[in-house]
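In the two assemblies presented below, chain A is common to both, partnered first by chain B and then by chain C.
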Partner chain A sequence: MLTALVTGIAAGALYAAAALVYNVMFSTSKVLSVTTGHLAMLGGVFGAWLTAGLGWPLPVALLGAVAIGAAFGIATEWIAIRRVLSRSDEHLWLLSTLALATMLQQGVALWWGTEPKPFPRLIPQDFSAGLADQKYWLPVAIALLLALGLEVFYRRTLYGKLFVAMSEDAFAARARGIPTDLIRSLSFALAGAMGALAGFAAGQLTFAYFALGLTLTLNGFVALAVGGLGSNLGALVGGLLLGVIGAFATYYLGGEYQQTIAVGVLMLVLLLKPAGLFGSASIRPV
Partner chain B sequence: MFGVSLRRRGLATVAVSLLVFQSPLSTAADPVRIGWLSSLTGPLSSAAIAENQGVQFAVEEINAAGGIDGRKIELITYDTQGDPTKAVNFAQRLAFVDKVHFVIGPVNSGESLATVPIAAKAGLPNLVIGTIDELVDPKRFPRAFRAINTNRQWIVAANDYTLKVLKKNKIAIIGDTSGYGTSSAKTAAQLLEAAGVKPVYSVLVDPNKTDLTDELNKAKEAGAEVIMPWSAATGLLARLLNARGDMGWKVPIVGHSAMMAPAIPKLLNKPEYWADAYATGYVSTTYTADGKLPAATKALLDKMRPRLGGKEIDFMFWWVALGYDTVKIVEHMVKQSGGTDPAAIEKAFVTTTNLKGVYADYSWTAEDRNGFPDTGVVVNAANSLKDGCFRAAPR
Partner chain C sequence: MRASRAVVVVGVLLALATMPWWARDQYQLHLAALIGVYWILIAGLNLVVGYSGQLSIGHVGLLAIGAYGFAILTGRYEWGPWWALAASGGLGSLCGLLLGLPSLRLPGFYFAMATLAFALIVTEISLAQGDLTGGGTGLPVPGFTAPFDSPGGFHALVLIVAVLITWLTWNVARFMWGRALIAVRDSVVTAQAVGVPVFRAKLLVFVLSGLTAGVAGALFASLQSYITPDTFVFELGLFFFVCIIIGGRGTIVGPLIGTAVLTALPEIVAPLARWSTFFYGLLLLAVVLLVPEGIGHMVEIVRARLRPRSLASFAVAPDAERLARCLRSEPRR
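Let's look at the complex of A and B:
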């Protein structure tokens, strides 16, 4: 049972990281991009390729994977968000980001292959470490680091405050002279880097696998909805709850109930507290 | 190397292989048109890529020898990308636009479930290469004939090995939550119970589950002496082997052939974790006690080696042999029936007994459309891949 708890927390941390990535993109664009989970997939796949394929040292490979994630984040904003937002108030970004995510996944499958591939050991450690193995706690450490880093970024830096300003009222921010297009691009770059970092940290847990993205996109969204859209604390709590509940559902009932229970939790929270556990209900001015 | 070139080929929506050599007879005779539905790209493409090598080679070989009774083979290949929707569209195109005489495939059972009825409706002979039971039915699909083994044959072989060779009857079954994993685990449990053995532990897990230590702990607590996984997900199987190795539990694992996949050892924490694992394979690609392969397999290996890179083969050769045999089966049926009339082809199929192939020797009857013999399945040592073939599990 302790294993179920630990593996649930590890998987939940990855969902939490995906939810944090959603939050960063949402703060400046009000878009919930379907590419969110794919950013982590890129971190895992490129991390494995740069280290095992090209033989780069781990720190350099980490930087490379994060840079690729950031580049894809910017590309997402340019290709699937900017033009769509400028032409329509409808939620067409759902389709454009879904299209981009599908193209990315297919492209990675063609290049990388459809079988999972190994991810290197990041810290020297014997495989007999059991539940103290780095594959469990690295994703947790990274999720906490990302949440903490975001809080510091939002509260202590000028760009962070610009993100917050856009989050609260993009039109007012633009009227105050804030370059909103640039800030939105930066937020997608940051989200890409964060997603890739989370995927890199969790590579030993997930393997380097082309189809990881959609799973994380879905579970990250559930974590976000449970925790509350826009709340980083909510993202952490929602992700961990989802991971642990999924692990215990598998432990006690079997894997066939895992997804049903995860979606059931989402439905329950949305019914009882539509804004999520830590979300604030939006006030509609009349 | 060949995988890369094939992927490029697979990027094209349609690849049409036409005959290279022209014989005087073929100018007058219509070609035998074979539709080949293959998931050359996308998930589960590795088996399809290998099968495609066998299919292409057989077509070239037959055409180079003058064709089938003077009729060259025209192979029309569509890449389904493992997507049942695409497979349906391509099956309809093969039947009603390309007007093929035979359909081979699709490669995956899920796609075949969608396309077999289409071929049946068009009255086309269909060589089925998916393993699930529902794909053949003499009443509903009278011209669908299976060349590959059934899933049940694999499960029976694994159960027999566990009960009769290892002499263990405390068995834990682990299936994945895919349609295939779920039905296979259920069938395995049913067959064991029919043999008087109730599994001590059964569970279904998500194919992407990141750790299986819990499941193995439960199996151990239940007294399991053998773990039997039914999943084609190499990631899940590798995690199972890793969990067993990290626990230090000396328990044999007997199950699905994907446990022998070349992708597995790369995912293991330690190479020795692959030992004491046994998977279902084929007599045709199993070395005899003196280290030799069946003559037909050896001959095909030698003939195809230059095409496969000229070096030791590092993937499962049985896929190539199956692809090769499907075209040779078509050749046999056309010769036996004297043409490509579907009714005559059906008659030729149901009267075929012990047709010698590389992958297996095939027999079909009016009642049984499964051509692969029970005796063609064996259990291999999972970690014994050598030149595309395997060593038999210890007996």
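Let's look at the complex of A and C:
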């Protein structure tokens, strides 16, 4: 019972982190990128490879994994977003990010293998710690850290304010002299770094597994839609809610119905409150 | 133009119908039947993706439902294959209705995610309900009765169904419904303004695509003769989707060629097989970035470039006398 709760919160924290990553990219570009979950997958896989494979010390490996995530974020913006946003068709970014996500997932599968591989211990701790084990509280700590960091970044720094300005109205921001293309690239780099960090921290929970990306893209999106698009508090609450509900469903019904439950939650929330728990109602353009 | 097109269609159909007599081996027949089965699904999906612009990436779930429905009905309950085929189509359209009712109300990305989730859910349930679906080990599937039990006969059956379905979707596409769907794709608001019942139109074609997916699933199961949940991975759904986007939205010929080429390519070029999904992603990215209207559109562009242009030339000279008169005259008050 308590185990279900703890694992649920840990998994939920990872979903919440993915939802935060969605939000960062969405704020500047109004794009919901399919690559979101794959960023965390990159963090996990490259974290495991750099530490266990190449034998780098932990802080350096962490920096390396985060740098790879950020680089992939920038590459996503350059390849799949920038050209597409200049066109009017709103669905094209979905196709281009889906294509990129597929290529990344297959590339990693061919290079890394399709089996989940173990992730090294990050902090020296005995394996008998039970529910106080680092694999449960590390993702939670990172998700909270990311949410708090984003809040400080948005409120206290100039670049954060540029992000907010762009999320309010990109055209007005451009008219005021903000280099919107650069800010969008930066937001994707930030999102990549955040995703990789979350994947690195949750590596012991999820293992270094190539197929993590797609499920995390879906679950992070469910968390985001439940919490409300654009709201960071909503992302945290939605992620934790989804994780805990999923864990209890596993506890009572068995592990086979994880996705079914997740989507059931999504549909229920969207039917009752289409904007999500903390989202603002969108105005329909006519 | 019209006559030459008819000749091409009849020629291709004749070539396909006589394939059992000129194909070099059984494998080619198998491949042709596989393309036909995929096309039966994609023809329906094309109305959803290509015409009404709803990006369903999870149709593989409906394919799986049709396949499992057929396998369970014929294997466990010993129905005749024809009844099971019809029941699979009905099951597919029912699941399409149940999936479409909530999810077609959602905007683009939400809908795509809902269909993705649907595909994952179907895999999950087929693994969980082990005593019905055989779980991870899968199910053997009986074939059709004579004369459709041989590879050649099965090929003929697939060809007949594929032609029927193509004709059906062609009729939908070129008359009022098709126009309504294109209007929904290009601008929902405009479509509503001119009186298109947007949700009903989308739901109708989605249910139709569920029907074709169910029928395709039944034929697919019979063709493979053994199905496991691993057959219906998400990448297969992505493949269907890529076929349509690459072939071009809003046509029937484009996705048909896309299906044939993309199905045959990894089978013929063996080293590609390992990289096939990566290759589909790359192709999708290239098409989205370079020719979002699909490769079919590129042919039109090239043809327009090559066509000799005859531009009428007009000599433009000022009418000096009238100009002078204008300049001289007083402005009117």
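The rule is short, and it goes like this: the second predicted complex is superposed on the first by the 281 of 286 C-alpha atoms of A that agree within 3 Å, B and C clash if a C-alpha of one lies under 4 Å from a C-alpha of the other, contacts with A are read in each partner's own complex, and residues count from 1 in each chain.
As a convention for this text, contacts are C-beta pairs under 8 Å (C-beta built on N, C-alpha and C of every residue); 3 or more make two chains touch, one makes a residue touch a chain.
None of these values were measured; they are calculated from a predicted model.
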Combined model on chain A: chain C and chain B, fit or clash: clash
Does chain B (first) or chain C (second) touch A:F221, or do both, or does neither? second
Given the touch rule stated above, what does A:P118 touch, chain B (first), chain C (second), both, or neither? first
May I ask you to name which of chain B and chain C touches more residues of chain A? C
Looking at the overlay, does A:H91 come into contact with chain B only (first), chain C only (second), both, or neither? second
Taking the superposition as given, does A:A141 touch the first partner, chain B, the second, chain C, both, or neither? neither
So, does A:Q258 touch the first partner chain B, the second partner chain C, both, or neither? both
Just checking: does A:A132 make contact with chain B only, chain C only, both, or neither of them? Give me first, second, both or neither. neither
After the superposition on A, what does A:M267 contact: first (chain B), second (chain C), both or neither? second
Quick check for you: in the superposed arrangement, does A:A172 touch first (chain B), second (chain C), both or neither? neither
For A:L110, decide between first (touching chain B), second (touching chain C), both and neither. both
Clashing chain C stretch [against chain B; choices 9-17, 81-89, 225-233 or 315-323]: 225-233
Interface residues of chain A shared by chain B and chain C, listed 106, 110, 215, 254, 256, 258-259
In the complex formed with chain C, which residues of chain A make contact? 32, 79-80, 83-84, 87, 89-92, 94-96, 98-103, 106-107, 110, 214-215, 218, 221-222, 225, 254, 256-260, 262-263, 266-267, 270-271, 285-286
In their complex, what parts of chain A are in touch with chain B? 1, 3-4, 7, 10-11, 106, 109-110, 113-118, 127-128, 130, 135, 205-207, 209, 211-212, 215, 250-251, 254-256, 258-259
If we count contacts the way the header does, which residues on chain C are in touch with chain A in the complex? 53, 55, 57, 102, 106, 108-110, 112-114, 116-118, 120-121, 124-125, 127-128, 189, 234-235, 238, 245, 274-275, 277-278, 280-282, 284-285, 288-289, 292
Can you name the residues of chain B that touch chain A in the complex? 7, 11, 41-46, 176-177, 182, 203-206, 208-211, 213-214, 217, 234-235, 238, 242, 245-246, 248, 261, 263, 266-267, 269-270
